[in-house]
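As written, the chains take the letters A, B, C, D, E and F, and residue 1 is the first residue of each chain.
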Amino acid sequence: MVQTHLKKRIEIILEAPALHRLTDRLNQAGVTGYTIVPVLAGRGQDGTWSAEGLAGDAGRLVMVISIVDAAKADDVLDRVYTLLARQIGIVTVSDVQVIRADHF
Amino acid sequence: MVQTHLKKRIEIILEAPALHRLTDRLNQAGVTGYTIVPVLAGRGQDGTWSAEGLAGDAGRLVMVISIVDAAKADDVLDRVYTLLARQIGIVTVSDVQVIRADHF
Amino acid sequence: MVQTHLKKRIEIILEAPALHRLTDRLNQAGVTGYTIVPVLAGRGQDGTWSAEGLAGDAGRLVMVISIVDAAKADDVLDRVYTLLARQIGIVTVSDVQVIRADHF
Amino acid sequence: MSFLELASQNLVSPMVLFFALGLTAALARSDLSIPEAVAKTIALYLMMAIGFKGGVEVAKSGITALMLLVMLAGVLLSFIIPVIGFFALRAVSRLSAIDAAAIAAHYGSISIVTFVAATEAVRGLGLPFEGFLVAVAAVMETPAILSALLLARRAQPPGQVQGEGESAGALIREVGLNASVVMLVGSFLIGWATGPKGLAMIAPFIVDPFRGVLCLFLLDMGLVAGRGMREGARHLAPPVLAFGILMPLFSAAVAALLILPLGLSVGGAAVFITLAASASYIAVPAAMRLALPEAKPAIYLTLSLGVTFPFNLALGIPLYLALAQRVGL
Amino acid sequence: MSFLELASQNLVSPMVLFFALGLTAALARSDLSIPEAVAKTIALYLMMAIGFKGGVEVAKSGITALMLLVMLAGVLLSFIIPVIGFFALRAVSRLSAIDAAAIAAHYGSISIVTFVAATEAVRGLGLPFEGFLVAVAAVMETPAILSALLLARRAQPPGQVQGEGESAGALIREVGLNASVVMLVGSFLIGWATGPKGLAMIAPFIVDPFRGVLCLFLLDMGLVAGRGMREGARHLAPPVLAFGILMPLFSAAVAALLILPLGLSVGGAAVFITLAASASYIAVPAAMRLALPEAKPAIYLTLSLGVTFPFNLALGIPLYLALAQRVGL
Amino acid sequence: MSFLELASQNLVSPMVLFFALGLTAALARSDLSIPEAVAKTIALYLMMAIGFKGGVEVAKSGITALMLLVMLAGVLLSFIIPVIGFFALRAVSRLSAIDAAAIAAHYGSISIVTFVAATEAVRGLGLPFEGFLVAVAAVMETPAILSALLLARRAQPPGQVQGEGESAGALIREVGLNASVVMLVGSFLIGWATGPKGLAMIAPFIVDPFRGVLCLFLLDMGLVAGRGMREGARHLAPPVLAFGILMPLFSAAVAALLILPLGLSVGGAAVFITLAASASYIAVPAAMRLALPEAKPAIYLTLSLGVTFPFNLALGIPLYLALAQRVGL
C-alpha cells in the first residue's frame, strides 16, 4: 500500500485582476506552491460571467488550487478570506491525500 | 480558527453542446452559482476525445463545478443524473468546507 | 435519496511533455477514463511557471483527473508516483461519490 | 476539361495537399495540432469572408428570380436528402433508426469548407459563379435537421425522442442562431449593404490571404479527420462506409437534375451540386447531440469528416465540375 | 459635409455594421463568440498597428510644440473630466461615491477602438490628421484613474479605500505597465525609431488588413456589449443611462474649446475630441477592480461598453467630425 | 559591409526592436503576454511559410549535389556540436553530466526563428540564398538529441538514464514527429510539389505579412525570454553564461570551415553558419523533459532563450554575415 499523508486542498475562484494579490498572499502564508487553471464562465450572486470575447482582465475569473499543510490551512484561509471580502470570488477547502509529504 | 461550513462540491464533466441544458437544470434546482472550466481532452468508455482543432462544439467537453448546500445536493444530483442518462458525461460529489455559509 | 458509491478522485498536475507517459500508465492500470484540464501557470519548488507565450510543450503544465475504484487506486498511485519521481508534478487523492458505479 | 485532368489538377493544389498533410500527421500520431481557439476563429473568418463576398455579388446583381428558385431548390434538397439517406441506411446497414436519422441529417445539410473548396476549383478554371450561392448554402444548413427529427420520431415510441421536453421549434431556433449560421448570414447582409465599396475596404483581410488561411484550416481538418479515423474507424461497418461515398454521388445527381431547368452558370452549377453532395461537420453534429443524443457521434462524425469530406475534396469536386459542364449554361 | 451626411455614411460602414451584428447576435442569444485568446490578441494587434503608424508619423514630422501642447491638453482633460463626471453623477443619481468615482474614471480615460474608428472616419473623408495623436491617446489613459482615486478617498472614511495597503503609486505603476499601454507606447517608439523604412517592412501586416481585423474586433465588442446589456441593463437607472450619452457630449465640447487655440487640423481635432469623449473599457475596468473593488463592475462596464461605446461609434463620431470642422484648421 | 555597419543596421530593425520591447516589458513585470494558443499558432505559421517557400525554391532549382552536401554537413554538425559542447561544459563548469548533455543538445540542434532572422538580414542586404537551406534546418533538428543521449548514457551508471524503458528509437521517432518538424517538412514538400504556381496562390498569406507576424512572435519570445531570465538567472553560473555566447561563436567557426569547400553563396553561407550557431528552444527542451528528465530545465531553457537567442539576434547574425563574406562565393 502506498503511504499517504493528509493535506488540505484550497480551491479559490477569483476575478482575474486580483490574481497577483492572491498569489502574494499565498506566498506570504508560506504555501509551497499553487496552480492556476483558466475559467470559461460562471454564475454567482452578481449574475453570469463569461471570458469569451474579453480583451481585458476585468470580468474574467481564474481558479487557483493550492495544496497546503493542515497546520497552515487556517492562516492561508484567513488571508484569502480578507481578500475575498473585497474582491469577487469564492473559496473552498477539502481533504486530500498526498504521497510525498515533504513536497507540501 | 476560521469558522467553516460543510457543503457539497458537485463536479460535472459534460459534452459542450449540452452545457445550456445543464446550467438550466442547475438554475432550476436553485444552486447559488457554478463555474465552468475548459477541458482539453479525455478518455472514457466511448474512447478518446480532444478539443484541439475543433471548430464546433460537438466532441468537446467542459467541466462545471457547483458548490451547493447539502440539503439541495440530492435534488441537484437527480436533475443532473437524468441529463447524463442521455448525454455524454460524468458527475462526482465531494465534501468541502466554505467560509461564508450565506454565499451558497 | 440518490444512491451513491465511493470512489477515489486522483488529480495529477504534470509537465506537458510527459502527458503521454502518464496516460499510458493510467491505461495500463486499467482506469476507465480520465479528463485533461489546461493549466495557465503555477508555482512550486522549482519556481514560477506560465504557459503564456509558450510555443512549445516544455514549461507547460496540464492537470489530469481520473475517477477510479478504491480497489485500483493504490496501483494507479504507484505507477503515477514512479513517473513523478522523475518528472515535474504533483498528485493528490480524495474521496468522491458517484452515481453510476458501473461507469468507473 | 476531362474529369481526369480536373482531378489531377485538384490533387496537387496546396489546399488538398495541406489536408493530406494533416491526415498523414494524425495517422502517424504526430502531436501537430491547431489550438481550439484558433480553429474556431479561422472557421468564423471563412464564414465572414465568403458571406461578405457573396453579399457584395448580390449587391451588384440584385435579387433575381434565379436566386429565389435556386434557394428554393436548396431548401427542398436539404429536406429530401435526409429522407432518402435514412431509408438507404436502414436498408443496407444494421444501424438503429436514431443513428440512421442522425447520419442522414448531416448529408442533407452542407459543409462550408467543401463549398469554399468548390468555389476555389471553379475560380481556378477561370469560371464565374453566382454570388447568391452563399445564401443558398445558408438556407440549406438547417432544414435537414428538421427532416431527421421527424424521421427519428416516426421510428421511435412516442416520448422517447426529445425526452428533454425541448420542442423542435426551440431546437431549430437554437440551430438557426448557431455561430456559423449567424456569421455567414450576417456577413452576407453586411456585404450586401456595403457593396463593392465595403469590399474594397476590407479586401486585404478577407480576399487576399483567404486561400492561405484556407490551407491552414484544411490542415486542421485533416488533423481532426485523421484523429477521428483512428478512433472511429471500428464504428463504421462496410455498408456505412460505402454510404459515405455513394450518398454524395447520389445527392449530386439529384441536385444536377433539379437545377438543369434553372439555368445556372457552369461554375454555379458545380458549386450547387457540391453543396448538395457535401455533409455538415460543425452545425449538424452539435444539433444532433441535443436532438438525438442516443445517436452515436463516433459514427456520424467519422463518416462525415473522415470519409465524405476527404472524398469530396479529392475526387468529388472534380467530378461535380465535370457533371456541371453538362447541366450548367 | 453636414452631420446627417456624415452620420448616414458612417452607419453603413462595415465597421459599424459588424458591431451591430455582434450586438444583435448577443441580444438574440446566439452562441457566436470570439475566443478570449483571439480577442486579446486582436486588441494587441490594434495597439501595435496604430502605435507603430503613429510613431512613423512622428518620425517624419519630428517633435513639435503643437504635439507637446496637445499632449498637455490631453493629460489635463484626463484629470479634469472625472471630477466633473463625479459631481454630475452624484447630483443626478443615487450612486454611492465609490460607484460614481469608478464610472467617472472611465470617461476621463480613453477607448482605443473609438480612437481607431474616428481615424478611419477621418481617413474616409480624405482628411489628414496628426500622427502624434497616438501618443496623446497613450498619455490620456491613466491620469483619470488617479483623479478617481482621489475623489473616492475624499468621500470615504479614511482607511476604507485602499484597505489593501497598496499605495496609489503602486497602482499607477501597475496600470502604466498594463498590456495595452506597453504595446501602444512600445510600438509607437519602434515606429518612431524605424520610420517609413520600418513601416514598409511590416505594412502588409499592420496596414493592409487593418480595417478587416477591426471589423472582426468590432463584432467581438458588439457581442460582449450585447451580453453585458442583457446582464447589466437592470443595474442602470435612467439618470446613469443619460450620463452615458451626455457625458461624452460634454467632454467633446470641453475638448473642442481647449484645442481651439492650438491649431490642430480638422482631422486631428475630430480625433482629439473623440478621445476626450470616449470611455475606457479595458484598462480602467481592470484598474477599478483593484483600486475600488467595492464599485460595482456591472454598472461601469455596461455603461462604458453597452451605452457610450455604441453611441460614439454610431452617432458620436460624425458629431465630433462636424464639431471639428468648426474648431480645426 | 563591415560588421559595425551590419550590426547597427540590424539593431534598429523592427524585428530586433520588438524582441527588445518584449524583453523590457517582461523585466519590468508588465502583464503584457501573448496567449499560448496564439503563440503556438504563430510558430506553426512561421514553419508553414518558410517550409513552403523553401520547397518552391527547390522546385525551381531541382535537387543538386550542393544541396545534398550541405545537408550532410548539417547532419554532421548537429551530431558533433553537442559532443564538443558537452566536454567544454564539463571542463569549465560544475554541471552534472546530465545537465551538460541536455544543454549541449540544444546547441547542436537549431532555432527556426534565428534562421528566419538570418534570412531576413540576408534579404535586407539584397543577397540571395539557397532555398534548400530550409531542408538543412529540418535535418539538423534531431541528430543532436541522439548525440546528447549517448553522452548522458556513457556518463551514467547503466539503468539510471532512460529508466522509463523507452528506447532511444521511440524517442527519436517522437521528436521526428513533433509539430514543428512535421509542419516544416510537410510545407516544404507541398511547396516543392506545387512550385511557383502554388506559391502565387497563398503568397498574400505566407509572404506579404510574414515580417509583421515575425515581429509579433519576436515580441512574444522577448516576453518569454525576459520572464525566463527573471526566474532562471540565479541558475546560471558565470561559466555557463559564457558558454551561451562562446559556444555559438565556436559553432559558427566550425560551420564556416566545413562549408568553405562547398561553394555556397554568401547569403547561403551566412544562413548555414547561423543555423550551426543557433540553439533550439522548442523541440529540444520538450525532448529533454522526456529523455533526460533529471536535467534542470531552468538551466537549459534560460541559457538557450535568454542568453544565446538574444545574442544571436542582436550581434551574432551580423557577425555571421561578416564571416560569410569571407567563406561564401
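Just so it is clear, a residue touches a chain if its C-beta (ideal position, glycine included) is under 8 Å from a C-beta of that chain, and two chains touch if they have at least 3 such contacts.
A quick note: this is a predicted structure, and the numbers were derived from the prediction, not measured.
The set of chains in contact with chain C as well as chain D comprises B, F.
Touching chain E and chain F together: D.
Here the chain-to-chain distance from chain A to chain F, counted in touching steps, is 2. Farthest from chain D in terms of Cα centroid separation is A.
When every chain is reduced to the mean of its CA atoms, the largest separation from chain F belongs to B. Mostly differing positions are employed by chain D and chain F in their mutual contact, as under half of the interface residue numbers are shared between these two copies. Taking each chain's centre as the average of its CA atoms, chain B and chain C sit 18 Å apart.
Chain centres here are Cα averages; for chain B and chain F they lie 45 Å apart.
Mean C-alpha position of chain D lies 41 Å from that of chain E. Multi-chain contact residues of chain E, defined as those touching 2 or more other chains: 31, 33-38, 40, 208-209.
Residue positions 37-38, 57, 94-95 of chain C are each in touch with at least two other chains.
Interchain contacts (touch definition given at top) occur between A-B, A-C, A-E, B-C, B-D, C-F, D-E, D-F, E-F. Put simply, chain D touches chain B in their complex at residues 33-36, 39-40, 42-43, 163-164, 180, 217, 220-221, 223-224, 227, 231-232, 281-283, 285-290, 293-294, 297-298, 301. Residues 1-2, 4, 7, 9, 23, 27, 32-38, 62, 67, 94-100, 103-104 of chain B are the ones touching chain A in the complex. Note for the complex: chain B touches chain C at residues 11, 13, 37-45, 61, 63, 74, 77-78, 81, 84, 90-95.
Listed in rising order, the residues of chain E touching chain D in the complex are 12-14, 17-18, 21, 24-25, 28-38, 208-213, 215-216.
Interface of chain C with chain F (complex): residues 15, 17-18, 21, 46-48, 50-60, 86-88.
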